[in-house]
Amino acid sequence: MSKDLPTPDRSQAHDGTLPEGRVGIALIGSGRMGAFHAETVSLRLPHARLAAVADPAPGAAERLAGTLGADGAYTDVTQVWADPAVDAVVIAAPARSHADLVVAAAAAGKGVFCEKPMAVTLADADRAIEAARTAGVVLQVGFNRRFAADWRAARALLDAGTLGTPRLLRSLTRDPGGFDPSRVRPDTIFLETLIHDFDTLGFLNPGAQAVEVFATAGALVEPEWSDRGLLDTAVVTVRFDNGAMAVAEACFEAAYGYDVRGEVLGSGGMATMGDGRRTGMAFSSAAGRVVDTVRGDQELFADAYTAELAAFVDAVRTGTAAPVTGEDARAALAIALAAAQSVRAGRPVRIDEVER
Amino acid sequence: MSKDLPTPDRSQAHDGTLPEGRVGIALIGSGRMGAFHAETVSLRLPHARLAAVADPAPGAAERLAGTLGADGAYTDVTQVWADPAVDAVVIAAPARSHADLVVAAAAAGKGVFCEKPMAVTLADADRAIEAARTAGVVLQVGFNRRFAADWRAARALLDAGTLGTPRLLRSLTRDPGGFDPSRVRPDTIFLETLIHDFDTLGFLNPGAQAVEVFATAGALVEPEWSDRGLLDTAVVTVRFDNGAMAVAEACFEAAYGYDVRGEVLGSGGMATMGDGRRTGMAFSSAAGRVVDTVRGDQELFADAYTAELAAFVDAVRTGTAAPVTGEDARAALAIALAAAQSVRAGRPVRIDEVER
Amino acid sequence: MSKDLPTPDRSQAHDGTLPEGRVGIALIGSGRMGAFHAETVSLRLPHARLAAVADPAPGAAERLAGTLGADGAYTDVTQVWADPAVDAVVIAAPARSHADLVVAAAAAGKGVFCEKPMAVTLADADRAIEAARTAGVVLQVGFNRRFAADWRAARALLDAGTLGTPRLLRSLTRDPGGFDPSRVRPDTIFLETLIHDFDTLGFLNPGAQAVEVFATAGALVEPEWSDRGLLDTAVVTVRFDNGAMAVAEACFEAAYGYDVRGEVLGSGGMATMGDGRRTGMAFSSAAGRVVDTVRGDQELFADAYTAELAAFVDAVRTGTAAPVTGEDARAALAIALAAAQSVRAGRPVRIDEVER
Amino acid sequence: MSKDLPTPDRSQAHDGTLPEGRVGIALIGSGRMGAFHAETVSLRLPHARLAAVADPAPGAAERLAGTLGADGAYTDVTQVWADPAVDAVVIAAPARSHADLVVAAAAAGKGVFCEKPMAVTLADADRAIEAARTAGVVLQVGFNRRFAADWRAARALLDAGTLGTPRLLRSLTRDPGGFDPSRVRPDTIFLETLIHDFDTLGFLNPGAQAVEVFATAGALVEPEWSDRGLLDTAVVTVRFDNGAMAVAEACFEAAYGYDVRGEVLGSGGMATMGDGRRTGMAFSSAAGRVVDTVRGDQELFADAYTAELAAFVDAVRTGTAAPVTGEDARAALAIALAAAQSVRAGRPVRIDEVER
């Protein structure tokens, strides 16, 4: 690390001490992200163990639990609440079930790591936050970019004052394409994709609150979607109460792969995040110089996914605060809902206009 | 150039043939850009010669003409119209005088290169375009980025079809700061700074027309300006009739210097422009690896400024069409006016709402 | 990963299956690298467990074993050979003891991972290789760069034929300085530092054998060392039997931190490795654009150190061949010895001139 | 330019003043480089004019002179010496005629710009230097890298003391291939290609003298050349009297185009030169991110070729010293001759062993 740049912590909770008892984790939802998180818990976290997997699809939980050596395999999530070997849960079920699962897990006294979005309405978000607070359990939300090296390094510059006051911010997400149209709703791009960017903008503008949102969006990748009101490309402008202006962009298809970037222009300078490089290798041939680039999120954010779960396990073990809170999730959700409303209304929408 | 990337023309009108008679150019306005253009005409363009300089400030034209060996030095611009040694003019006077000067120059039968903005109302823009058309003189506008290597290379990828259909575009301008507040009006950031970005967005989305504009802006560099309605930072969203969405950003101060960048995400991939490097040299020390970066526009765009004037001289010499037209200038102006109106109204503004 | 670039395996032996019994590892030598390897075994390898630590220094093994929860803590290495919980050893003791430790470990039937150099004479290297072969145990040497992402990606290009036949190679190592002169001998720079580069050159020129070596070296960081024959900076030219020419460079002090790079020019193009970036974050300020760079080997090669031990554990578990062999270590050693001899003789030295 | 990095002069002798009389230049040799230099003199240098072209090939001089508007077109070079319109000459004839041409031009009182190598023996180099000194004419040699932005920026860091004392240097040249074997002699790679790198090493190690050279070389691009003793690939180690060690590399074919790079590791840090980028544009597609790279020397060094001739014209006009001297050319030649001798002898060769 350069001397002038603060060193963010890369320790990922590997503090060099021996685990005294591992935190028992149940995975709820065994889809793509669920299976990845289960593998992380099972293989990459010295202080955790995979206690159970739950998935309503017949056989799904059993298969994953079998592969990874978890004792419990449930089709009924209430079995998770009842399992004393489960200290905490990782929720990777469909988005619309998240808030109810958070509430139920908290009621059962389990620590909760919930994939984003934590909720799809502000009322649900408030309910989830309240449930965790009442139960006194840890509630952490899966905004993994906060744990990615580039973003941590930029935030460290903000915290050190080096970047000064943020003026212009940018965060973008582009997926490599090949998505399943049947899983896309009109607000998917805001609630499931851009929600990361909305959280990132807050992470990179610490202490500020979003005030007003303007969104424009369309079906550019799949023009025939337009009739069904579906959106695959969006640009969202966010104005914050400290005057900073931000742009969040998303597109469901980039021909070149997976692309996540960020940028902060502050009074002290600019930090850019996300150079898209997979390795530092470059190949020069008659076709030019080709930089080795990332093609998928689990590749780009492998370390970040491990780090966020390691941090969660630590919070559960040590009783310390989660590094990404339900309140953080609520703030990002409010922007997402305002963006969806802005597209429908064709005008800027104030955050305080968003319905609970 | 890589084999897969089309090779844009770098010839800058140096076609290897001897000039048969040089085009006589008069510089109107001897300020920072005017003096720079005069030097370019005098020293870097084999097919042109600096015939005269005009500036109402006593002694200014004489000083510059003396240094660069121009015969004419006028305080009254009508002397330029009457000077038979002047084949064409380069207008670098204050923005609000541009349209009238274009009309007068055209009436005098002089070719016209006009710094941006060509006009500050659509009516004036139409008047300037009409005057040049009627007189049959060349009219070119100073959107220099179209001649900068990065932007030409990106446009070549678009023209070759490699980038596919544009979906998301970005163009930004950040000045190094130290500007004079007394020269800033409420619409300066749109009419004089972002006008470049609005033109660039059109250049990188060929054939498309802007449809709707939403702008948010503020005084973040100089917060005390807010009371006077002045703006130093802005984010503008532009929607085009081919569905593409674009963001233009500007800030009057970047701690790190001058920054101009562009980005096009098309169906075939992404082109990025403007890496900010001054040379390919990098210095690694205890402070990290420092890349040699640009600090001013005349440094970043030195070649582009020469190329745009070389292209203008060629158009005048050979009677061919100007590569950047009055219509291009009008299109960028319409976006700029819509952006200014959007800030005042706090809502998106359609291009067809902008008053002539 | 780009479609045109082969995808090297990043799996690090995390194959998603549950460990059935973990390989018991003893760490021999609890210095800087030993402690780091012990931590890796203890915390980052799901298929291994730290069974014991051995170090002759009173209390050293106990301290490390205590921190990491290893059962055995020995001051006498023979206790390791006798410990039935130890399936394999990681040798991180002083270089000159390596060969004897390999021989003893093999005799005890333990798998052996040996830090470089495996031996400091060819006779010792042969003895170590023979001991492992006779005992039928795995013998792997700690050339970690073979597991680093950049180098694997370059090698994948070679294996795929994309790079063609190697013509010119480069490998360099620069330490951040602050070394302890009392630990440096005249041949340290060749046997302990450049040995990595010599192995890398072989790794990037697969199947070729070094033929002749010319080295020039000096004490440039610490000029007063010259009297004692010590060397802190060296340039070594290596000619291979396929005609390829290579340069290995080392310096014990780079003001900017730790720097390891590689380059292969083949008939099909060039691969470069080691961009020195710690993250993809860049910070632009009045001082220019600063790239976030690496400052230490354990930071740069964190993943590679884990991957080499994971591969070793896999070889021990599954009885498969080690990915870096004693023969590889011998080949690198032969170049190192020839280089040291070349400096003494002031002339090129053929590999077949090096004494056994 | 970054504040911490010294700003090299980019002015290229365009000092903003009007030329009072242009320096009359004759081009000697109308081949590829000659024609390029003639075009530069004719079109890009406000203080020079192309007075004549000389070439023994029937019609060649006339053709080039006709295209560029030079008055004189000679097949006999003595006509140049006699032409009073010729103030100075640019020698771009075959290398082996350079020294005689320098001597004759100096005798005729003409200023001399001589392409590299100025001579092919040390005796000839001394003769050329002496002739220019006796005649009191400017003698400049075509080491264009000294005028390239990256190299000037690195040298500025050296001059400012920021880089400290050089320890390790690297300079390399790779041509894009497609060369004509009939024009290659055994020492071509040293005398015509690497001579640039040898000069660069001196430029980047100011004040130091080369002491010893070791070269290894072969015919790797065209293996069948080996029988004829021809060389297309070489690695040369140079030791300087200040202890610094340097590597110069060359290859007549790089699949990816033209590649010239430099590197200095000093006690204060490292400067790298030559990032190979043609523009700052990058294109990301399914094939990865492709950087826009240079493919030819006249593209890479366009500005440097103009700058070196501008500096020469200035030296002639103002009577100031040439920025690259005959002594510089002699120093690079001595290394080249030592390298050729080293390959023949298979051992390091001291500079003082090279025959005059």
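By letter and in written order, the chains are A, B, C and D; residue numbering begins at 1 in each of them.
The definition used in the following text is that a contact is a pair of C-beta atoms (placed from the backbone, for glycine too) under 8 Å apart; a residue touches a chain by one contact, two chains touch by 3 or more.
These figures come from a predicted structure and were not determined experimentally.
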**Item:** Chains in simultaneous contact with chain C and chain D
**Value:** A, B
**Request:** State the pair with the higher C-beta contact count; candidates are A-C and A-B.
**Result:** A-C
**Complete:** Max Cα-centre separation from chain C goes to chain B
**Cα-centroid distance, chain A relative to chain C, in whole angstrom** = 37
**chain B and chain C, separation of their C-alpha mean positions in angstrom** = 55
**Prompt:** Just how far, in Å, is the C-alpha centre of chain B from the one of chain A?
**Reply:** 41
**Complete:** Residue numbers in chain C touching two or more further chains are 2, 4-5, 254-256, 259, 268-270, 276, 282, 284-293
**Request:** Would you tell me which residues of chain D are touching chain B in their complex?
**Result:** 1-2, 4-5, 10, 14, 16-18, 39, 42-44, 46, 67-69, 149-154, 157, 162-163, 268-287, 290, 292-295, 299, 302
**Residue ranges of chain C touching chain B (in the complex, touch as defined)** = 254-257, 259, 276, 282, 284-293
**Message:** Quick check on the complex: what are the chain A residues that touch chain B?
**Reply:** 2-5, 164-165, 167-168, 174, 212, 214, 216-218, 220-221, 223, 233-235, 237, 239, 243-247, 249, 251, 253-256, 259, 265-270, 286-289, 346-348
